[in-house]
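One chain, chain A, links the two complexes that follow: it is found with chain B in the first and with chain C in the second.
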Partner chain A sequence: MPVLETLFSHWRRHPGQLATLVLGLALATALWSGVQAINEEARQSYARAASTLGAGQGERLISPDGAEIPVADYVSLRRAGWLVSPVMEGELALSGTTWRVIGVDPLTAPTGAIPQGAFETTADAPAFLGRPGLVFVAPDSAPAAPPDFPAIITSDAIAPGLMLTDIGTAARLLERNTLSFLTLVPTQPDGLPPLSTLTDLRREAPAGEQDLSRLTDSFHLNLTAFGFLSFAVGLFIVHASIGLAFEQRRPVFRTLRAIGVPFSRLITALAFEVTLIALVAGSAGVILGYVIAAALLPDVAGTLHNLYGAQISGTLAFRPVWALLGLAIAVLGTWVSSAQSFWHLITMPLLAPAQPRAWSMRSARATRRQAGVGAVLLVISAALAGIGGSLAIGFLSLGALLIGAALLLPGVVVVVLRIAERPIRSAYGEWVLADTRQLLPGLSLALMALLLALAANIGVSTMVGSFRLTFAGWLDQRLVSELYITAQDEYQADAIRDFLAPQVASVLPIAMAETRIDGLPATVFGIVDDDTYREYWPLLETVTDPWDRLADDTGLLINEQLARRSGLDLGDRVTLHPDLTLPVAAIYSDYGNPNGQAMISLDLLEQTFPDTDQTRSAFRTGDADVEALRQSVLARFDLPQGHIRDQASQKAVALRVFDQTFRVTGALNVLTLAVAGFALLASLLTLANMRLPQVAPIWALGQTRARLARTELIRTLGIVAVTWVIALPVGLALAWVLLAIVNVEAFGWRLPMTLFPADYARLLGYAMLSSTIAAALPALRLLRLPPAQLLKVFSNER
Partner chain B sequence: MLDITSLEKCFDTADGPVPVLRGVSLSVKEGDTLALTGESGSGKSTLLHLMAGLDDAQGGKITFEGQDLLSLSDADRAKVRRSRIGLVFQQFNLVPSLTVAQNLALQARLAGRHDPERVARLTDRLGLAGLEHRYPEQLSGGQQQRVAIGRTLVAGPRLVLADEPTGNLDEATGDAVMALMHELVTETGAALVMATHSRRLAEGFARRVHLRHGLLETR
Partner chain C sequence: MNVRVFLLAIFWANQALTQGFAGLGTEAQGFSIPDPDYDITFPQDHGAHPDFRIEWWYLTATLEAEDGRAFGVQWTLFRSALRPEEAEGWDGGQVYLGHAGLTTAETHYRSERFARGGIGQAGVVAEPFTAFIDDWEMRGEGLDLQQLSLFARGMDFSYDLDLTADGPIIFHGQDGYSVKSPQGQASHYYSQPFYRVTGTLTLPEGDVEVTGNGWLDREWSSQPLAADQEGWDWFSLQFVDGARLMGFGLRGLETVFTSATWIDPDGTVTPYGDGELRMEALEWAEIAGREVPVSWRVELPERGVDIVTTPLNPGAWMDLSFAYWEGPISFSGSHEGRGYLEMTGY
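Now for the complex of A and B:
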C-alpha cells in the first residue's frame, strides 16, 4: 500500500493534471460510447422490425413481377399441403403519421413471425382474430384512433412506426384483399408436389429490413467514424497527461526502487493506478455519453427516417452491456495511450535522470521521421481515392488522409518557422521563433488533435453545404408549381381543379399508385404532358425525347435511387405491373426519398392501376396572386389545415427536414472541436509549468512579464492559424472523398462539390476564439508570476 | 559484512566500452565508517550503486551478509535494500508529493517495520519537529537532506550508503548534516560508506579509500 499511496500522492498534489486526464478520457469515452448507444438503439429497432416481419424465419413466396398475390393462390398452396402463411403489408395514414401495417395469420404463421412477448401484454388473444380486432404498436407511439378502430395495445416487441395485426383486420384497415407475400414454414411435410407445378410465385430469401440494415450500416459507419475520431482526439490528451505524469515522477520511481520496491511491484502499482483512473473517468464518460446520446437520438431517428425510411425509437434505453463496453474502451484506450510511457519506464535505465522537459521536446530527427510516415500515408490515401469503388476503400482513404496529415503537421510548422525566421532582425523576434521551435514538440499532440477536428469540420461542412445547395436547387426545380392541394376525396379534387382551371396557367394532377419493382415497394406517379415538367424536372440521364416517350406511353422515367438499387440504365425495361413493362427514358434526381419511384403518363396510370389515389394536384398560377387563390379555395371548399400549401412553405418543410437530417453531424462536429480546444488548453498549461527556465533568462535580460505574456498569446494564435491553413486542404480532400466515394456508396447520390469560404473563415474565428481562451490562462499566469518564482530558476532550489 | 572482490564495471559509449571499475576489492565490517574519495567521474557513485544492488557488474563479486548480491533477482535485491541497506543521495530524492512525516515513514513502512514512536523520536533528533506536515519543496536543502537521512535510518539498516550527501549544501549546513548522520549511524551500530570528493569531510571517517581511474588506493 505505501507504493500506491506514494503514486496517488502525485495526483493529490497535481489536481489540475488529474482533472485534465480524467476530463480528456471522460470526453473521449462519452463521444465514443454516445455514438455506440445511438447505433445500438437503431440496431435494436431494426431487429424488432425484422422480427415483426418474420424475416430470418424462412423463405417467402413473392410474385415475380412484384404484384400483389390473390388469396386464391394461397388457398391452392395450402390445399396442396404446403405450409405457407399469408402476410399483407401496406401503409395507413392515421393522426398525421403514416404507419406501416403488417397483417399476419397467427394460426398458420411460422414460429417467431409474431414477436415473442406481443401477446404477453394481453390475455385476450382471441380478440386479435375477431372484430374490431387488436393492433400492436411500439410503446409511446399509440396514435389517437377513430372510435371504430381496433383496440391499440403497446408492446416492446414491436418496432416504431409499425402496426402488427391479424390479416383480417389489416384487410379492413388497408381496404384490400390481396396478399403481399407468403411466408414458407421452414419444415415442410414430405412428398409435396414441387412448387413450380403449383404456382408461378418466386421463392425469395428473407430481405426487407435486412436491406434496410445494409443501407443504414453506412450511416452508422459514418457515425462510428466520427465517434472514433473524437475518441482519438481525446486520447491525445490522455497520452500527453500520462506521459508527463510518468516523466515527472521518474525521480520518485527511482527513489522507490532505491529504497527497496521491486520493479515488478512498481509496474503493477502503476498499471493499477492507470486502470483505476480509466475506470473512474470511463464511468463519468459513459454517463456523459448516455446524456449526449439521449440528446442526439431524436435527430438521428429523424435522419434515418428521412434518408432511408427507417423507423427508430426516439427514446434511449439503458443497456448494461453498452455501459460495460464503454468502460472497456476507456480502459483499453488508456492502456494504449500509456503504452509508450510504460515502455520508456521498462527500457530506460533505473539511474537515468528524469527529464520532463526533454520528454516534451523530441528530437528534430523524430519530427522528420514522423513527417516522412505522414507523407507516405497521404500518398496511400490519394491512391486509394483514385481506386475508389467501395465504402471500405473510401474510409481507408479517409483514415490515411487524416492520420497522414496529423503526422506531417509538426514538420510543416517547423518549415514555416524557418521561413519566418529569415526576415526577422530583432533579437527578441529571433528569441521568440527559436523558443517556438523548442515549444513545438510539446504542443504537437494538441495541434494534431486540433488539425483533425478542424479538417473534419471543414470536410463535413463542405459535404453538407454542397448537399444543401444541390438540394435547394433541386427543390426549386421539383417544386416549381406555386400551389399544391390535397383534396379530401377524388370528387372534391375534380371540383377544385375545375374551379381553379380558368384562373391558373396549368393544372397538374398528381396521381400515384403503390407497386413493387424488383420485389421492393415503389411508387408510380402519373403526370400530364406539360411544359412545366419539360422545362424544370431535374433529369440526370436521358434519351433524346423523354417527355414525348412518356406522353405516348413508350417510355417511363425512374428516380436515381431505383436506377442504382436495381442497376437500371437508359433503355432497360422495367415491369410496373404484370400488364405493363416499359423502357427507361430518363433518370431523375430525387434527394431525400429512400424509395424507388417511376413516372408514366396519367392515362396509362389510370388504365393500369384503376384504384389510384388522385386527390393531389399542383397548380402553375402564372400571373395570378397565389395567396388570393389560396383564400378563394379555402372559402369554397372544406379543406383541412395543411391540405393546401404554397411553394414557399413546401420548400421550408423540405429544408427543415434536410437540416434535421444533418443536425447530429453538426453536433458531433462541435463536440470534437471542443475536445481539441481542451487538448490545446491542457498542453499549454502543462508547458507553462515547464517553461520557466526558458522564460526566466529573457525576463532577467529586461523583458517585462506583460510582454512575455502577450507574446505567449500571439504565438499560440499564430500556430493555430498555421494549423488551420494546413487543415483547409486536408478538409477539402476529406470532403471530396466523402462526396465522390463515401456518399455514392452510402446514399446512392453523387453530388457536385461546392466551396464555402465564409464558413471556413468562421471556423478559423472559432478556432482562434477557443485558442485565445486556451492560451489566456497560461499567459495570465505568466503575467502574475511572482518574480521570486522566476528567480528560483537561477538558484539550486528548483 | 560486505565483501567486494575483483569488481569490474564498464559503460558502453559511442567510442566503445569505457572501464569505470577495474578489479576493485574492498571489505566493510559492522560499525565501520568508510570514506570513498576520488575525482568526479572516478567511479565512486558507480561503486555505491553496485554495493546497493542497483546496477550490474561485468565481473567480480559482492557478498553482503553472506549473500551474493549480484546473483540475486531484482525482487531479492529490492528486499535487501528495503530492510538492510539504506541509501542517501546528493539530490535528496524525497517524494515531492508526500509530507515530511510521510517521507520519513516510507522506507520503514515498505520494510514492514513502521514504528510511529521511533519516527517521532527521530524527527526530534533531526530537528524536524513542527515541519512534519510540510512538503519537500517547502524545506531548505539542509532540512531536505535531514529528512532523507531520517527516512534511511528509520528502517534500521545494517549498512548506510551515502553518495555526496552534502554536495548540494553550503559548508556549514553540510558539516551539521554530516555530524548528525555520523551520530545517528553510530547509535544504530550500522556501517557507513560515503562517497565524497571532499578530503575535509573524509577526515571524519575511520577508514578512507581513494578511487583513481577505476582502481582503489587505500590510505
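Now for the complex of A and C:
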C-alpha cells in the first residue's frame, strides 16, 4: 500500500488538478448518460404505447374507406369462427386535457392487449367490465374526473395521455357504438372460410406505433450524436489531466522504481488509481446526468409531442441498468484516454530526460500524418454528402466532417504560424512563434475539442436559425385568415359559420379525414375555392392552374413531406382512397408536422370519406374588427379556452412550439461549449506547469514576468481566434449537411440556408471570453511566480 | 396477474378465488336462489336464467369409429352473471365461456372461448333452442330437445354431431331441485341422457365418422357449493342394458357429500341422497403437475353397483383458464359400460 499512498500524495498536493480531472470526467459522463436517460425514457413510452394496444404486434382489420366498423360486422366475423377482437379509439376532453381513449375487449383480445400488471387485484377484473367501469392511466396523470366517471387506476404499463378501458366503458365515454378496427389474433383455427368471403374489411399490417418510432428515430439519433460529441469533448479533459499527472510524477516513478518497486506493481497501482477516480467521477456524472435529463425531459416531451404527436412522460424514472452503463462508459472512457500515458510510461526509458524539442520534432511528423488522415476524411465527408439519401449517410458525413476537421486543425495552425513567422523580425517575436509551435502538441487536443464545439454551435445555430426564418415566413403565408375557430362538434361549427358568414369577407371551412397514402398515415384536407388560397398558399412546385384543377376535381395538392417520401412529382397519380386517385397539381411546403398531407375540394372529400372532421374553420374578416367578432362568437357560443384564436396568437403559438422544439438542442449546445472551454482551461493549466523550463531562460534573458504573462494571454487568444476561423467553414458545412440531408430525411422538408454573421461573431466573443478566463489563470500564476522558482529550473532539473 | 386469472376473475364475477372451486362457493347477492317448489317448464327453461349467477349447457358423448377406436366429446357453454339481468350492448351483464374437448386414446384436444352477452356474439335462446358462442353452436328441435346438432372448433380440431333422443328428459333430486351440501346449497338440474349420436370428428390426420351416446346436462344456480367444498367428482354412466347412473361427490374439508340418480331404460328415475353412493379413488397419477385420481371404485349398494372405472386417456386434462379433468371412461365389475368423468378442484 505504500506505493498507492505515494501515488495519491500527488493529488493531495495538486487538489486543483484532481478537481479538473473529476469534474471533466463527471461532465462528460453526465451529458452522455443524460442523453441516454432521455432516449430510454422516450423508448419506454413508445413501447408502452405499443404494448397497450396489443395491436402493435398483430394484424388489424380496417374499413377500406377508413370508416368506423359496425358492431354487427365484428359479431358476424366471430360467428364465422374468426378470432378477432374489437378496439374502439377516440378522444375525450377532460379537465382541459384531450385524452386518447382506447377501449378493448379483454375477453377476446390477444395476449398482450392488456398490459401485464395492469390489474393489481382480482377484484379489478370484473369491475373492469361493469359499470361505471375502470380506466387505466399513466402514473401521476390522473385527471380530476366528474363523479359518474369510471374509477381511475394508475399503471406503469400505460402510456401518458392514454386511457385504457373496457370497450363498454369506452362506448359510454365516447358516446358511440362503432369500432375503430379489429385486431386479428395471430393464430386462427384450422378450416375457417376465407376472410374475403366474409367481409369487406381490409387486412393491415400493424402500423401506428411503429410509424411513431420510425419518425422519432431521427430525433433520438440527433440527441445521441450530441451526447456522444459532448462525451468525446469531455474525454479531452480527462486525457489532458491524466497526461499531466503522469508527466509530473515521472520523478516519483523513478524514485519508486529505484527503491525496488516492481514495474508491474507500479502499473497495477496506477491502473487502480485511474479506475478509482473514474468510478468516483463517473458516479458524480451519473447523478449529474440524471439531473440534466430530468431538467431537459419536459422540453423533450414537448418537442416530441409537437413534432410527432408522441406522448412521453415528463417525469424521469431511475433505471439501475442505465446508471451502471453510465459508470461503465466513464471507466471505459478514462481507460481509453489514459492509454497514451500508460504507453509512454511503459515504452519510454525510465531515466530519459525531458527532451521537449525532440518531442516536438517527432510530433511534427505525427501532425503531418494526422493532417493527411483529416484531409482524407473531409473528402469522404464531401463524397457522402454528395450521395445523400439516408439519415445514416447524413450522420456519417457529419462525423467524417467533424473528425476530419479536428484532425486537420493542428496542421493548419502550424501552417498559419509559419506564414505569420515571415514578416516577424524581432527576436522575441520569433521566440514566441517558435514556442507556440512547441506548445501545439500539448494543446492540440484541447483545440480540437474547442473546434468541435464551435463548429457544432455554428452549424446547429445556422440550421435552427434558417429553419426559424423559413418557418416564420411560411406562417405569414399560410396563416392569412384573421380568425380561427375550432368548434365542439360539427353542428356548432355549422352554426358558427352561419353566424359569421354575413359579417366576414369569406368563410373557409377546414375539413379533414385520416387515410393512408402509400401505407403511411396521411391527412386529406377538403377546401373551398377561395382567393385566399390562390394568392397566399405556399407552393413549391405547381402546374399552371393548380387551384382550378383542385376546384374541378381533376387534381390534388400534396405537401413536400409526402412528395419526398413517396418520390412524387407533378402529374404523378396519388390514391387517397380505393375510389379516388388524382394527379398531383402542386406541391406545397408544410413545416408543421412530419406526416403526409393532401388537399382536394371539400365536396370531393365529403363524397369520398364519410367520416370527416369539419369542426374547424378559418375566417377572412375583411374590414371587420377581429376582436369584436371574437367577442360576439364567444358571447353566443360555448367554446373552450383556446378554441378561438386570432391570427397573431395563432402565429405566436406556432412559433412557441417551434422554439420549444429546439430548446433541447440549444441547451446541449451550450453545455458542449462549456465542456470545451473547460477542456481548454485544463490543457492550459497543464502546459503552464510543464513549460517552466522554456520560460525560465527567456526570463533570465531579461523579459519581465508581466510581458511573459501578457504574451501567454495574447497567444492563447490568437490560437482560439484561428480555431474559430477554421470552425466557421466547418460549422457552415455542418449546417448544410443538416439542412440538405439530415432534415430532409428526418422531417421530409428541405430548407434554404441563411447565414447569421452576427451570431458567429457573438460566438467568437464567447470563445474569446472563455479562453481569456482559461488563459488568465496560468498567466496570473506566471505573473506571481517567485523568481526563485524560475531559478530553480536551472539548479534542479538541468 | 396473468391473463388466465384475469379472464377467470371476470367469469366468476365478484368472487374471491380462494373460495371453493372457481368461486362457486360464495354468497349470491342480489341473485335468485334455487326454489324446491319451482316447476321446470319447457321450452323456456332450456334458455338462460340471467337472474341466477351461473348456468351451464353441458354435453358429453362417448363415441366410436367404424374401426372400433373410441373417442369422447365435450361441449359446454357456461354463463356467469355480472349482474342479475341480461341487457343489450357491451355491458349486458352476462359473460359466456365455451369449453370444447375431444379425447382420443392418445391426445386430448381442448379449446375455450370467452364472450360477453348483449351484442350477439354469445347467448342462449329457448325457442327455437340455440346456445352459441362464436361459431360454436348447440341447436335443438322439439319441446324436449329430441333433436340436437352440435358444433365446435379448436385450433386443430372440430366436430359436427347430430343427436337424437331415445328417451325422455329426466330431473335430478326433487323434480330437478338438486341438493349439493348438508347446509342446503342446491341447483336446478335436469338431463337428457338418452341421445344417440352420429357425426364427424375433424382431426389433424383427417375426418373420422363416429356413432355413440350423448348426455346433456342443464344446471343453474347462484351458489351450488358450500364455502368449504373445494371440488367435485362427477360421473355419467351408461350401462349395457340401457340404464343410466348420474352420481357426484362434492369434496368438503373433511367429508364428501354424494348424490346419485338412477335412471331406468324407460326414464324412470330414483334419486339417492348423501352417503348412498360411495366413491373411492383407487389410483392416482401426476397430470399437468397435479395429483389426480385416474381410477375409481363406484358403489351404489341399493342397485348392486360395484364397478371400477378406467379412463380412455388419463391425460384428459382441460388445461384452460380454469383447469379440470374431463374425459370418457369405461368401467367393469358388477356392470359394464361407458361413461364420462369430470374431476374438478385438483
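Keep this in mind: the second predicted complex is superposed on the first by the 645 of 798 C-alpha atoms of A that agree within 3 Å, B and C clash if a C-alpha of one lies under 4 Å from a C-alpha of the other, contacts with A are read in each partner's own complex, and residues count from 1 in each chain.
Here is the rule we use: a contact is a pair of C-beta atoms (placed from the backbone, for glycine too) under 8 Å apart; a residue touches a chain by one contact, two chains touch by 3 or more.
Small disclaimer: the values here were computed from a predicted structure and weren't measured.
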(request) Check whether A:79 is in contact with chain B, with chain C, with both or with neither, and answer first, second, both or neither. (result) second
(message) Between chain B and chain C, whom does A:344 touch in the aligned arrangement: first, second, both, or neither?
(response) neither
(request) Check whether A:663 is in contact with chain B, with chain C, with both or with neither, and answer first, second, both or neither. (result) neither
(message) Tell me which partner touches more residues of chain A in the superposed arrangement, chain B or chain C.
(response) C
(message) For A:168, using the defined touch cut-off, is the partner it touches chain B, chain C, both, or neither? Pick first, second, both or neither.
(response) second
(message) Taking the superposition on A as described, I'd like to know which of chain B and chain C A:2 touches: first, second, both or neither.
(response) first
(message) Looking at A:202 after the superposition, I want to know if it touches chain B, chain C, both of them or none. Which is it: first, second, both, neither?
(response) neither
(message) Tell me the contact category for A:108 with respect to chain B and chain C: first, second, both or neither.
(response) second
(request) Could you say whether A:645 touches chain B, chain C, both of them, or neither, answering first, second, both or neither? (result) neither
(message) Let me test your reading of the model: by the given contact rule, A:707 touches which partner, first (chain B), second (chain C), both or neither?
(response) neither
(message) Which residues of chain C touch chain A once you look at their complex with the stated criterion?
(response) 1, 3, 5-7, 9-10, 13-14, 16-17, 82-83, 89-91, 95, 111, 114-116, 119-121, 132, 134-135, 153-158, 202, 204
(request) Could you please specify the touching residues of chain B with respect to chain A in the complex? (result) 49, 52, 54-55, 74-75, 78-83, 86-87, 89, 91, 93-98, 102, 106-107, 109-111, 135, 141, 151-152, 155, 168
(request) Give every residue of chain A touching chain B within the complex, in rising order. (result) 2-3, 5-6, 9-10, 12-14, 251-252, 254-265, 350-351, 796-797
(request) Could you pull out which chain A residues touch chain C in their complex? (result) 71-72, 74-75, 78-81, 105-108, 111, 114, 117, 119-123, 125-126, 128-131, 133, 166-169, 171-172, 177, 187, 189-191
